[in-house]
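Have a look at the structure that comes next, please.
Chain IDs A, B and C follow the sequence of writing; residue 1 opens each chain.
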Amino acid sequence: MSEGKRKLGIVFASGASNRICCLIIYGATALAMGYDVRVHLVNEGLVAFKKEVLPRLSTDDVDLTTFPQYFKPYVETYLKNLKESISSGKVKDWYSWIKELKDLYKDSFKIYACPPAAQFYNVKKEDLADVVDDIKGAEAFLDEVYGGPILYIG
Amino acid sequence: MSEGKRKLGIVFASGASNRICCLIIYGATALAMGYDVRVHLVNEGLVAFKKEVLPRLSTDDVDLTTFPQYFKPYVETYLKNLKESISSGKVKDWYSWIKELKDLYKDSFKIYACPPAAQFYNVKKEDLADVVDDIKGAEAFLDEVYGGPILYIG
Amino acid sequence: MSEGKRKLGIVFASGASNRICCLIIYGATALAMGYDVRVHLVNEGLVAFKKEVLPRLSTDDVDLTTFPQYFKPYVETYLKNLKESISSGKVKDWYSWIKELKDLYKDSFKIYACPPAAQFYNVKKEDLADVVDDIKGAEAFLDEVYGGPILYIG
């Protein structure tokens, strides 16, 4: 990581389809601004990047979302709008968007799986979508983003 | 934003009445310490700042809260104490407190709505409480707070 | 806190047993890297550090966890693996691990309870596990960690 470059760290713990949008919006924006971006996948956020789970985060399945009960109709609106935008090609599904960012920004954008999360959730490297670069611990993550803020998306 | 001033970024994604307290306590404290504070409203956190929703976050309605099931009685205690403190005038309701901070700290305290959140949750500028300054993207938010930490209240 | 030392702030708001792992993994890692680490306990995160509640976060009680519905079987896997690792002595229970970190790193690792959280959740200093150092406000917390990132574990 070049000296002097701005940095953004993102811990994705939530796994919710109404939170992965933040990973992508803040990540894509920071990359476009020339930042180095590192994502650390932990807990349900790691499970969300399993090959068979990640596509589900681009569907309108309310079981993948999190909210206080009052917000349920608003989350349903979000899911409906998201689905329509993806179907009509206005917005890429999350997987394709992340894949495109990785192709475009290469070493500036890395996604790591947390080793203890992998162990406790029974997730192996080969279970994960190909956008995940490596299984790499908190030490590497904290060190590579030091100097920039960390968004803990919980 | 002046060079050299300390900065605090707050992303409010949660919308929960047992999380907005953190936005206000950390925000008010940082402002009193001379920081520039920027809040970015996303997901249910944006919905929470709709004119007709924000007052509900100062009530004892458990449907606006989030918690693992075990903590339910503790959250009810929080809601009861909060309601009593507001009724007796010991604590301002959240809206009035934010309004007061904005009057007091002016340009040091800005609240922005995230454009894609506004789009996907069908929220327009005129739907939002008057304490929201502008609809402004992740680029402006990240840039204005760089150098300080970001609390992602999810 | 020495000048020039790296810093990590952690706000623990969630109280969930599938989130306290992040407090400990990131905290322990940063301490091993020579950082100063400060934890601020707020909301259900403060309740989680009550003497009689903290041991429950090392059990397989699903009522202490948070997740979108879809992830329930994965969280049960986490709880099962965690319980087995603790029973077999491969991993310390959370309380013992935090206690050990405090013994090892002394003033580099402080855990504070947020005063308004203590007030609204009816929690007194003597109700808290002995790993909590003090009741100390947002001003001290923000100031002691400035320069480093803050993980808001919500």
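Following the convention adopted for this analysis, a residue touches a chain if its C-beta (ideal position, glycine included) is under 8 Å from a C-beta of that chain, and two chains touch if they have at least 3 such contacts.
This structure is a prediction, so every number in the text was calculated from the model and none was measured.
**Q** Copies subunit B, subunit C: same or different interface, half of numbers shared as the threshold?
**A** different
**Q** Could you work out the angle of the rotation that brings the CA atoms of subunit A onto the matching CA atoms of subunit C, rounded to the nearest 5 degrees?
**A** My answer is 120 degrees for the C-alpha fit.
**Q** As a quick test, compute the distance in whole Å between the mean CA positions of subunit B and subunit C.
**A** Each chain reduced to its C-alpha mean, subunit B and subunit C end up 23 Å apart.
**Q** By the touch rule stated above, which residues of subunit B touch at least two different other chains?
**A** If we look for residues of subunit B contacting two or more partner chains, we find 14, 66, 148-150, 152, 154.
**Q** Any idea which subunit C residues touch subunit B in the complex?
**A** Of all residues in subunit C, those touching subunit B are 9, 11, 13-17, 42-44, 47, 56, 61, 63-66, 114, 116-117, 119-122, 137-139, 142-143, 145-146, 148-150, 152, 154.
**Q** Sort out for me which residues of subunit B touch subunit C in the complex.
**A** Interface residues on subunit B, with respect to subunit C: 6, 8, 14, 18-19, 21-22, 25-26, 29-30, 32-33, 35, 66-71, 74-75, 77-78, 81-82, 85, 148-154.
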